[in-house]
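Below: a set of structures, written as structure tokens.
Each of the next two complexes has chain A plus one more chain, namely chain B in the first and chain C in the second.
Right after this comes the complex of A and B.
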């Protein structure tokens, strides 16, 4: 058999006695052990998939996901796409918009609310604008003129205006030009009764507009204003202005009606913003996270100064993390050296002391720092008792950056000690002896021979502490006060309070990217292979 | 080795204890001449490494003085002693290249760059690793690392080089090769070497003199042939080479020879180190000095023996016989035609000369 195979092709790949290729046979033989290995890791794999990978992917998606406007007003978004983006959107767009937000169904109201919240991130005030418009929309669609006239001039909303007109309703000159209005006004209950309506019903607005428009057409408007002007010059002025704009209003009743709901609708920028936010994917959360935003034309600009906080916060977080890392390094190096060089019995005891904080709740450790550091705390009391500081001059050591750094350094110290200890433990004392026998004094031997060999431990500890510090939450939240807050506290704020998850996700993603960049940098500089965690 | 010269290294009544209860080095007196290759040989725990460490400066003597070139060393820190040292596991600095390792002792001596480079290259060439300067120790084989360690200990031209079991981590062939190399380097450079090992063949191969350590004391200090052929006591006889031990009582002493009763057999032996008539003594006899079926009358000691075991070792046949009440008695029979026909259980006669049988302490 073997001979036959060799004759058939001596250069062919190796085969088993029965002719199966060796590789196939090997794969078959190892398949069982591979399946076994997979089954052993499967629970952890699924756990990590569900609790780690999936949330991260979700966060990444959420940071660019932008469904709110599209969900609430899909037809308007389609209409807005046809819009030129320069002039005021035509009434066809507005009617679709009003119909969509005016829908009273539960789902539509929820979507509209979300849209308001989303638009509010772009410009404060959007939420109330949308809410007002949502309530007004059905009324506008039914008879737009009431809002349109108010939109033209707020004086149409004044009680005084209508009182004046009501007073004129019985005059023949007035009733002649505005007959239907006069008739309706006479039926309107006015006066000083507390139950009286401030302004008459929507049908009065419709009639008066039509009659003023008609008067403007046939030239009787001068007579009308003269009649009104005798008693109320300001109302006559109002009527004249209404007559002047009558054509425009008749053409764009919804535009004026929306302006009547809120002046903001009069700005083209408002519509541009809606159009901008209507795209299903957005980078505005990321821009927001680096203190930038889109202007109405879609250009990237800086946020107004009072809203610029995140870049500074990121920088502060990085500075604090670097500071904590350096503090940990300085404190941990001698401890680790001592631990690694002591005889095992004493070394293990000390190691337990180092590990002791690990067995205590993070919350307890942090709050105990409050007890120690607060102005009425142990340290201040001691200093006052010893007469080092005056009683009215106690040092502020907590609820500020100092407190955050002190507490974080303490809590993260073991993460620095352990990798350094494990590296130092492997450095044979014979290196130092060799260096000394070769003529190096103890300091030179330490700096040139011992320290370079501890770099893997320094690197591992530093990167571990830095990564933990950059995302630290509880400690800054508890002892940070106002200026000790770090980026993670703001992420939590947007997760829990402002409910701006998109921004929270964008901030989190930037943080994640920063950590990965650190990791990459470390790999380039030191090499991940050199990292030793124990 | 002129005795009148001041010794280069001198241990003067040195004692050492780590815990204040047990002396690991007891009353050590040892003179080492300049240019000498002296080996400290002994089982582990015999104090030899402690002596070396005291000489290097990593341990301080509890009592007594160590002198180097006429200067007391006790208070000189290790880096000022100017002693080269080769460590058991080489202790090459892993973060430096081979050349950087070699340059280290020169740099800390503030030697100029050009001179450093020349000396490093010369040292590398000496150990035949001239092309390996740019590598890291981790990329070298054990033997190569060993040579680098040797070169590093020699590159700053110390007068005294200490070697602490430097070949312990190498395999047998390489170890033998390195032994010769170290020997040749010593012959060429002429520095003083103090070498610590527990491997007796290594000690015999390389040394001018060997100090056999046991129990914190030097048991015997002698050149290799003396040590092997004329051991002073039972420990040295047993520790160096293979040895047949016969325990008996001294019957009679006559000048340099004596008569010993071993289990009823009267043996003529050389009187070396026993406490006189009536005392117990251990007779030491090298297996290769025992003759099988000697010609009658040619030897003073001839006894009947029974062959118990034959082990074929190529050049000789290791034959275990029982004689004089000892069934662990070894005879090395040369693999020649004369002795081709030994069988288990065969009755033979064993015999040896008086000079080859030394009566030592019990």
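Right after this comes the complex of A and C.
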């Protein structure tokens, strides 16, 4: 490097005592001081990245994270990928599915439960559907015919059907065509005892199906229905229908068995939904957060009317925040002006009236508003005492939107006053005097000369109050009642009560994006470095 | 802004009207805080002034709600917790925050605005999001079983993270008027880094560090959302206990606690004001 410099120009470059060129030494020193400055920041940076940034990013990822179906039925998901998505999934898929959800290990049961909860967000009936199927799965795999016959027709589950068949078991015509079934039925303990089983065991279903199928093949089914039809026309009809579908059932026993567990399994849509939710990444929480959802074909559609709450809620949160910001602006402007124009001794004294609320605990201030505003509270008592309102006609000022707005305005007012005050303090009174001496009346002088100079303060205070208001949780939760709840309260609700964490994360991400956008604006207008506290 | 002698009658009316409006706004700001104090001495379990109180009869006042705090295991425990968590998190936040502010005030620091953005982000992100995120993370940090949720360590770390931005901002602001030649002078006279730091830098920035520390302390002392999500019953702080009190069984004990907290905040405010003035004096700034 040193040679390079020497060759570049005829003049000898300056060097340090040890012979290194000055330029190199300077670069080295600058780099060293950069590193030293960074080392001072590094511990906090590391701390904030670990304890704060990482958790936030981790939570935001939950809004698209979709592991539940994949965790519970990974092999089924692989099988479903080969499925055409139009016809009913083949029995090979169903047997994999049943084996997976039928596993009784604790881990599998937990995963299956989570999958049920996840699918439930898409369609209300899924949780119970999955639970029922989980219990039935081992039995279906062992002998599917019981569920399959019930899936074909619920009459196979009726006590009447079986008592009718049981009554016929003695008859030679019946026993001739269905010999094994008749033998089993004769052993079956029926009767009117309350402990007697409603329907016979699974093996009877298996036998009767095979024998009906055989009868249907060799043409004796007409004779059988005739025998049964003499006493029980409806059962004969049932047997006939079973015989008609015997081929299809024999081919797809698991499909009919699942339908026997719940009719929902008969719909191709059910499988489409599972396939849709099986992707490891989902946008459905975000769609949910803006009142939209996927239909079974994967198209984005509006939620049913009664589920459309979040867009409304975001708008309400924005309106309330704007309302609170405007209220703070109107209240802060006159007193900031007064504080800035009074002589410092008086001004500082009055400033305490702003700073004391600022330093007082949020919960203390919220409690005070409950004490003041409740129906048996100080303000209502005073109004009754003064005869302004009747005792039985007290005003509802808390546990509703009014209470939220009043309390939030009070709590956020200092955040508006302080930046405005610091801007107004720097405005020289000479401008106003000059305007007056040039003939402006006081109003014109104030509006055209003073107010434009306060715009930075208005901007800084308004954005700060708006940012704080839009993420407010405590005050609405305590004094908001039913209609005073804002977006933060719903995030808390989904975190703690409904446990729909993906939706909570999606709502949170949208809120955070809004706040960061406002913050960016604040940084452009005011600069973080100029942020003043207290 | 006294009323000028040349003011017309309209201007005079406006002047007094304006004064009245300002008085009303100050009234709105301060009354909710003042009103709680006499009510905390109410002898009856009501949240309003009884006729006896208004007639100033001595029997209408009592210290029973204060006695309630002292006799209540839960309140005492929460007061102790608030101080443990508050002080520990303030120590962490102040140490890390002051070091970082020293680094941030150096002109050579690369990517300064990005770093500043990251470091003060705990102040910007809405608390509910912070609380939810910390709940997930501290329950199983990096997928391990070493759960920090429902432990003192977890709550202290969370509150320290929330408090650092205030330390960074106040100390950085103090360092704006700091004369770098003092460090060079100290170095040239043979002082090593630690000596320079403790003998030269620290005494000058101490007001800023203390007010930053007070901000961090108040942040922790007043924080309830993260505690709601993350802390167990064992780590209940004063705000958490008040939250439960307001939501479940509201009793005037809360007003007594609130009065005590108002006294604490008045003291903090006084300290901050004294420090601010001292700092301005030392920097030679006069308003």
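Operating definition for what follows: the second predicted complex is superposed on the first by the 482 of 534 C-alpha atoms of A that agree within 3 Å, B and C clash if a C-alpha of one lies under 4 Å from a C-alpha of the other, contacts with A are read in each partner's own complex, and residues count from 1 in each chain.
Just so we're on the same page, a contact is a pair of C-beta atoms (placed from the backbone, for glycine too) under 8 Å apart; a residue touches a chain by one contact, two chains touch by 3 or more.
Here the structure is a predicted model, which means the values were calculated and not measured.
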First, second, both or neither for A:164, with chain B first and chain C second: neither
Touched partner set for A:223, first chain B, second chain C, both or neither: neither
Chain A residues touched by each partner, larger count belonging to chain B or chain C: C
First, second, both or neither for A:362, with chain B first and chain C second: second
Which of chain B and chain C A:64 touches, first, second, both or neither: neither
Chain B versus chain C as contact partner of A:290, first or second or both or neither: neither
Chain B versus chain C as contact partner of A:428, first or second or both or neither: first
Common ground on chain A, meaning residues reached by chain C in one complex and by chain B in the other: 442
Interface residues, chain A side, partner chain B - complex: 428, 430-431, 433-442, 444-445, 448-449, 452-453, 455
Interfacial residue positions of chain B with respect to chain A in the complex: 56-58, 77-85, 87-89, 91-95, 104-105, 108-109, 152-153, 156, 162
Residues of chain C defined as touching chain A within the complex: 1, 11, 14, 18, 21-22, 25-26, 28-33, 35-36, 39, 46-49, 92, 96-97, 99-100, 102-104, 106, 108-110, 113, 115-122, 124-130, 132-138, 157-158, 160-161, 164, 166, 168-170, 172-173, 211, 215, 218, 221-222, 224-225, 229, 239, 242-243, 246-247, 250, 254-255, 258, 261-262, 265-266, 268-269, 272-273, 276, 287
Interfacial residue positions of chain A with respect to chain C in the complex: 30, 33-34, 36-45, 47-49, 51-56, 58-59, 62, 331, 334-335, 338, 341-342, 344, 350, 352-357, 359-372, 374, 376-378, 381, 410, 413-414, 425, 442, 467, 470-474, 478, 488, 491-492, 495-496, 501, 504-505, 508, 511-512, 515-516, 519, 528-529, 531-534
